[in-house]
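Shown next, in structure tokens, is the structure this report addresses.
Lettered A, B, C and D in written order, each chain numbered from 1.
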Amino acid sequence: MAFEHKIQKKVEFSHTDMAGIMHFSNFFRFMEAVEHDFFRSFDKSIVGTRDDAGNHLGWPRVNCECKFFYPLRFEEEIDLHLVVREMRSSSIRYEVIFSRMVEDEYRELARGGITIVHVGVDPETGQMKARELPAWVQESISVAPDGYKVKKNE
Amino acid sequence: MAFEHKIQKKVEFSHTDMAGIMHFSNFFRFMEAVEHDFFRSFDKSIVGTRDDAGNHLGWPRVNCECKFFYPLRFEEEIDLHLVVREMRSSSIRYEVIFSRMVEDEYRELARGGITIVHVGVDPETGQMKARELPAWVQESISVAPDGYKVKKNE
Amino acid sequence: MAFEHKIQKKVEFSHTDMAGIMHFSNFFRFMEAVEHDFFRSFDKSIVGTRDDAGNHLGWPRVNCECKFFYPLRFEEEIDLHLVVREMRSSSIRYEVIFSRMVEDEYRELARGGITIVHVGVDPETGQMKARELPAWVQESISVAPDGYKVKKNE
Amino acid sequence: MAFEHKIQKKVEFSHTDMAGIMHFSNFFRFMEAVEHDFFRSFDKSIVGTRDDAGNHLGWPRVNCECKFFYPLRFEEEIDLHLVVREMRSSSIRYEVIFSRMVEDEYRELARGGITIVHVGVDPETGQMKARELPAWVQESISVAPDGYKVKKNE
């Protein structure tokens, strides 16, 4: 059972804004990128599945938030560390911690979270309905232990 | 004293993703757009000011969040309603309510919030330091009354 | 018969990059925005139509380009002027001129172009096939006269 | 002397649009990412340098274009191959070829180009002036041989 996942992403020029730092909306794109890579680590994709009735299965976001401690700058290589914090019948809530080494310190730059819900989408009407978490999720993903903290890989 | 501001924005094609709806990161770009228009309503810009010591004055984001109730779709015209919820010595916290008419109902589609802080940025080092809210803010902007709720313009 | 269309767009903070100017990729998003507004001026949308066989009809881009003469900056209000330059059996090529008043001069800031093609998309396979321009396009849109030049509205 | 550079990029969810494919503006962000990685391969950054007079040195885009042959889809891994096509006293023009293996074929999906110019930016006025290519560029980068074609790495 996995409760965490880690990737690195470099801040690109098109992520920055005229304040010279990564635009805050891009933290959410980074978070989503770890989530999708977490799915791929189980050979699963966030899109492209249908149920027997032909409904598309998807994972819309219910809520999200982020706290910003330090700015991210062009060409910095950022560690993104996803930790599963809560699972309900049809939703998953995870945190993403943004960090990098600054001199001798493994500095936390930002911390965000997203709650995603598993839904079926009627292909004709576009209506969404919550669904139970897929079997593979229930078998492969679990919530992190209470008080679990991320650390720099050695 | 103003505690709210309202603009409309249309969902563009480049705001959508392959799920056929506005990508969730763009809600934060919409929120920021109302904020900047709120500043412009006082003939002020979020950027471009310096103090006497040559420090750039800016408004980085400290935290933000959003709850999504209904998807936003291409070409929908959305009401964005900013409401100031809290002011401290150097920060402002505001909410943005996303709404539109759906049949006879003025439907709330999403609700988010951002806390911004007034800082001076050393032009040489890029270091940021919190600053008191500018005088014009203290004279022109106030917190909304307790329990204040947005309504459709008649 | 219409061969041109005009809208204004303001440069937003999220359009800028760390060079302090609008990121060049956003010129293409601006061009697309005029195109879609041109379609809306005929009560048509670039998406959402199907033919009798259930194929989705769409308008993918075949090629595009842009020349940049002056940078666009935050909060500048830009005139976007679309001019139809060529129509073939299934494609339309248009230019977009970016301008604004700078002191007494109506200055051209950038000039780009996009060729779009009308296609049917098989809903099962995602395969695209070129289609004749829709009847409404043939009846409502024409190519600009040779040498047609945009001017500031008086 | 180097005249080419290659990276891979995965199409992310936030790169897609409601047509289910990568939005065309993102091809330009991908091209820029190879360019910046090309610079980094010489331990150089596109930003952050100043001349003796305190002017910032930068590389604005003069023009760019792209031809689209096949759509790019979510989670596809794309080869981006930059080839230097022209160098003048203060500008560089390069092409980027987008490719990936589709069954047994190394398929070209898109081909674009960007002309960048070396400039000094006056920190007070923001005025840009063309500059000679830096010495390191003249010593390290050259134009690709006539008719040079990219191939899949073996």
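The rule we apply is simple: contacts are C-beta pairs under 8 Å (C-beta built on N, C-alpha and C of every residue); 3 or more make two chains touch, one makes a residue touch a chain.
None of these values were measured; they are calculated from a predicted model.
Peer 1: Quick one: which chains contact chain C and chain D both?
Peer 2: A, B
Peer 1: Using C-alpha centres only, name the chain that sits farthest from chain C.
Peer 2: Comparing chain centres, A lies farthest from chain C.
Peer 1: Please tell me the distance, in whole Å, between the geometric centres of chain A and chain C computed from their C-alpha atoms.
Peer 2: Taking the average C-alpha coordinate of chain A and of chain C, the gap between them is 34 Å.
Peer 1: For chain A and chain B, let me know how many angstrom lie between their CA-based centres, rounded off.
Peer 2: So the centre of chain A lies 24 Å away from the centre of chain B.
Peer 1: I'd like the Å distance between the centres of chain A and chain D, where a centre is the mean of that chain's Cα atoms.
Peer 2: 29
Peer 1: Show the residues in chain D shared as contacts by 2 or more other chains, in ascending order.
Peer 2: 13-14, 18-21, 25, 29, 32, 47, 74
Peer 1: Residues of chain B touching chain A in their complex?
Peer 2: It comes out as residues 18-21, 24-26, 28-29, 32, 47, 58, 60-68, 71, 126, 128.
Peer 1: Going by the contact rule set out above, which residues of chain D touch chain A in the complex?
Peer 2: 12-14, 29, 32-33, 36, 40, 45-47, 74-75
Peer 1: Which of the residues in chain B come into contact with chain D in the complex?
Peer 2: These residues of chain B touch chain D: 13-14, 16-21, 23, 25, 74.
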